[in-house]
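Here's a structure for you.
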Amino acid sequence: MSGRRLTHDLFFYLGMLLIFLPFMGGKVAYLPVVFAAVWGLGRFVRFAGENRGIVRFREGVVTAVAERQRLAIALILAVAVGLPFVSSNYLIEVLTSALLYAILASALNITVGLTGVLVLGFIGFYAVGAYTTGILTAKFALCNFWVALPLSGLAAMLCGILLGIPALRLKGDYLAVVTLGFGEIVRIFLTNLDRLTGGPNGILGIKRPSLGPFTIDQPREFYWFALAVLALVVLAVARLVNSRYGRAWIAIRENEMAAAALGIDVFRKHLLSFSLSAFFAGIAGSLFAVKQGFISPDSFTFYESVLVLCMVVLGGIGNVTGAVTGAFLLIVLPEFLREFAMYRMLVFGAVMVAFMVFRPHGLLGSRLIAREAVDREDAGAA
Amino acid sequence: MSDILTTDNISVAFGGVSALSGVSVEVREGEILSIIGPNGAGKTTFFNAVTGTFPPSAGRVFLEGKEITGKKPHEVARLGLARSFQNLKPFAEMTLLENVLIGRESHAVTGMLATLLRTRAFAADEERQQQKARELLAFVGLERRQESLARNLTYGERKMLEIARALALEPRVLLLDEPVAGMNPTETGFVMELVRKIRTQGITVVMIEHDMRMVMGISDRIYVLDHGELIASGLPHEVRANHRVIEAYLGGGKHAPTH
Amino acid sequence: MLRLTDVHLAYGHVHALKGVSLAVAAGEIVTLIGANGAGKSSTLKAISALHPLRSGAIEFAGEAIHALPPHQVVARGVSHCPEGRRIFYDLSVRENLLMGGYLLGKKELEERLAAVLDLFPRLRERLAQAGGTLSGGEQQMLAIARALMCNPRLLMLDEPSLGLAPLMVEKIFETVLSLKKGGLTVLLVEQNAGAALAVSDRAYVLETGRVTLAGDSASLARDERVVKAYLGG
Amino acid sequence: MFLQHLLNGITIGGSYALIALGYTLVYGVLKLINFAHGEIYMIGAYLGFILVSLLPALPPFFQGHLLFFLLIVFLVAAGLCALYGFYLEKVCYRPLRQAPKLTPLISALGASIFFQNFVMLTMGAKDRIFPQTVGMTTYTVAGVTGTPLQLAIILSSVFLMALLWWFINRTRLGVAIKATSTDPLMASLLGINVDTVISVTFMAGSFLAACAGVMIGLYYGTINFTLGYLGGIKAFTAAVLGGIGNVPGAMVGGFLLGIIEALGAGYFSAEYKDVYAFFILIAVLVLRPAGLLGKGVHERA
């Protein structure tokens, strides 16, 4: 290491000290420790990035998993089904909520990952789904869960269509802001339409569903139920991806003009992906309502939208399994950080930054990376 | 021969600047027609206006006698008017096969439900489209690379992929925007052969091109654009002799384009 | 003055330069010819450090420059006028030129501006106009003028004749010749091989990322292979 | 009544505009939404709070020259925030220049969560009350009630915007920012150090956001660590309203948003105050997709 680099690093951290100083009061002593850790991590990652062996190992793993997809899926499913037998009720609750987020992330992946449309207020659809179920089954007790479930999906889908028709004519970041606006509008209405939504207090006493003689009452049963729904959603998304729909979506993401010139109705395909996402989000919302038994606007903040988006990106944009993985990571990981209690979110934010900086393509890599690995082998063989 | 594509006085203006003014052309069925002219003459603008990418501000466009003015690009494409782009636009993160399959989209018939349930009809349709896509890749000489990602193609290969993709629409008329720009003579020869083969399949070809050997070698007729206006049209040798064309484009100077 | 030694460069999987070695002496005009994708523009990009080398070395005036960031390559006196002109459309002609002389001192900048405008009197009339409103030929002139603002020792021009009317092309090449008379070294990339060979001293032919032919322009212009492939004989 | 709402709207709008400028400047050079920008604004407000709280401990000279003291507060808070902007770019964005489009967005959100929790841990989760510094005397002119503070805020916002305008149109570094926005590659070929330009852009944006933060702190009197979220979203909305990437657009958008909100809250219902902004935004975007002052999206052939 050259002396110049060291001076540079020194100034870098001194400057950081300076900006954090006003907030720290007497606790400045911690900072150098943190800086030292950050510095060390940076060095390590640089080493890892330069080390071709590690890169090749990762590619090997990606290819291997891609080749034994069925086996991998069966294995994961078996573990997922068996998990409740060895978990505490608390852990099952956490896992169930991870399942719901996984549904959301898979749904969002359709628009963000496949069509390349950034949606920032996605939780709005989730809220619509949850409130539809809440209002139908508890507030006015109009029908049972099994009727409310599809209706929740459809209600969210309707919102998606109503929002999509004007909004999808916009491009990129403008569209993102409009969806962000939608999320906020939903939340503000939920807070203020007291008679319908219960206002800030929300809706209480939403019952868990029953099916004939069985109720899906126990945490464990509900977990399985959510798992089944997730499996269906993932299957549906995967099948769409590997069909003309998925291809058209990706084509639009890559180049709208070329896609249109090849006869693809860009607007309708956008709207389709948007409303499908909304539908699945509504279904997830419905499950959320019955899982909690209680919903209020506080559960549907911008932060939740961001969280779901992070799941998609963290797992690897456009990667179906990536979205699910991202969801589990982001829900289960903070649980392990519980011991840090108040520092949990601080660490979480820092980890998010670090993760993106060091693994910009997400944990599992985008669809592209996996294919590049295969294509490289072709090129090598040719 | 009847006219398959005609424009009636189309004009395009961008923010007050006229890019195309009062251009009327008739494209005859089965011919190879070239549009030439200096850069900025409005050739690509003409393609954009015809295909609905940037609709004309005045005038009308007819395809097989039906008016298509102001229709969306995808509607125009489905009616049988396919195009390639000057700046290459392959779907970089898709394989070659998938790229061509996008062009088959308007011929695919399976619905959402069949796709989700993976019905037999779905499988049959998918197989049919893939078969056709493979044939097209073979047609342009890319069959061995069908599983490669489009981003890993060379420049010339990308141009070929664009043509295959446009052909996947099974168009009546194919618009090619500078198909041989930047290619060496061998590759140019291959494309010339390809364009002739496309015509024998009953597809009318309209192309924008700077390469005079290509233009003079395979065109049935030529239109010349300059400053957004049509300044000449006719058979290759007529156009070559037209003094306005020489002045505006071909040039007599010692540094005139020689290739 | 400029020397490339076994330069390799790759964009992802596309291996654009596969061991390019060439040299440009002070005061000469050297042309790179070749088909699209042969590696001409990539060579220029490698020299101005827009893309890191996979291996090899680039030396300018005796100093290795391939590890420098782009702005420091410019500071050493290498100016690159890329393909497609890349005028700042929303900036005025004057601002465009001032950006070209970004590294100069205040007084130096005014002097340089006056000198460059003497070369391109057309631009003087249009100083306040936005760059995007110029005609194609004027834009090309502005691009060259802007590249000259930093008072370079080596000027690299990428396809200056592209898309211009024949008259304009002639003008551009006359300008290049007059710059050479003023002592500037020029590295030219051209599709229009005939015109480029007519003005340059020496030339290199690039094919698929390699130099396949090199020599003085006059004999290359007569070389059978060049005539067949690039001059359309 | 109308004029009263208008005055309140302009006061708030000025600070929206200042924050919006940060979004717009950064978007110009990096084509990226700096989602942590709202937190910079929040940190600016807290720095202002910390500095103002120091007043009683300072020599009496400062108590006597309050305006001078406040000027120093502004400069120090804004200067430190400029450093925050510098670090934000350096740590969260610079390594991601070549990364997929959404990656920097996520890292920005991470930074945002980090900053929020950092401030919460060090300054507490409860509202902090700004010490009374400027007298709260009110003046009523033609039925419109205003404070000297309000006037000062409006004047300083306008002054800061003029300063920015001068910077980007009259200085070489400023023009380099514009040049880098249009074509970063070309800028680097002309000897412009694009990294420096980007750093400066972040610092300028953060400087303005911090000023807005201190102003809002003084104006409302209370601050909270969640301040950055809504402020950021509103300002971002303002930037998009005017046409993101467009500097005058951000100014117009900011004032407009402030006024719309104040009028909406005054004439309709205050509960839905935040909704009006979004509805107007959606309406504007649907009718004029590139924002009010934005240029139409056109492909250069």
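A few points about this structure:
The letters A, B, C and D name the chains in turn, as written, and every chain counts its residues from 1.
Operating definition for what follows: contacts are C-beta pairs under 8 Å (C-beta built on N, C-alpha and C of every residue); 3 or more make two chains touch, one makes a residue touch a chain.
Predicted, not measured: the structure shown is a model, and the values here were computed from it.
The interface with the greater count of contacting C-beta pairs, when B-C is set against A-D, is A-D. On a Cα centroid basis, the chain most remote from chain B in this structure is D. In terms of their C-alpha centroids, the spacing between chain B and chain C amounts to 32 Å. For the pair chain B and chain D, the distance between mean C-alpha positions equals 48 Å.
Computed from the mean C-alpha positions, the centre of chain A lies at a distance of 29 Å from the centre of chain D.
Shown for chain B are the residues that touch two or more other chains, namely 152. Each of the following residues of chain C touches two or more other chains: 13. Contact of a single residue of chain A with at least two other chains is seen at positions 257, 372, 375, 379.
By the touch criterion stated above, chain D contacts chain A in their complex at residues 27, 33, 46-47, 50-51, 80, 83-84, 86-87, 90-92, 95-96, 99-100, 102-107, 109-119, 121-123, 229, 233, 236-237, 240, 244, 271-272, 274-275, 278-279, 281-282, 285-286, 289-291, 297, 299. Only residues 48, 50, 69-71, 74-75, 79-82, 86, 88-91, 95, 98-100, 102-103, 146-147, 149-150 of chain C touch chain D when the two sit together in their complex. Residues of chain A that touch chain B in their complex: 236, 239-240, 243-245, 247-248, 250-251, 254-255, 257-266, 367-368, 371-372, 374-375, 378-379. Across the interface of their complex, chain B is touched by residues 12-14, 35-37, 136, 161-167, 169-170, 173, 191-195, 198, 228-232 of chain C.
The touching residues of chain B, counted against chain C in their complex, run 38-40, 151-152, 154-156, 181-185, 187, 213, 248-259.
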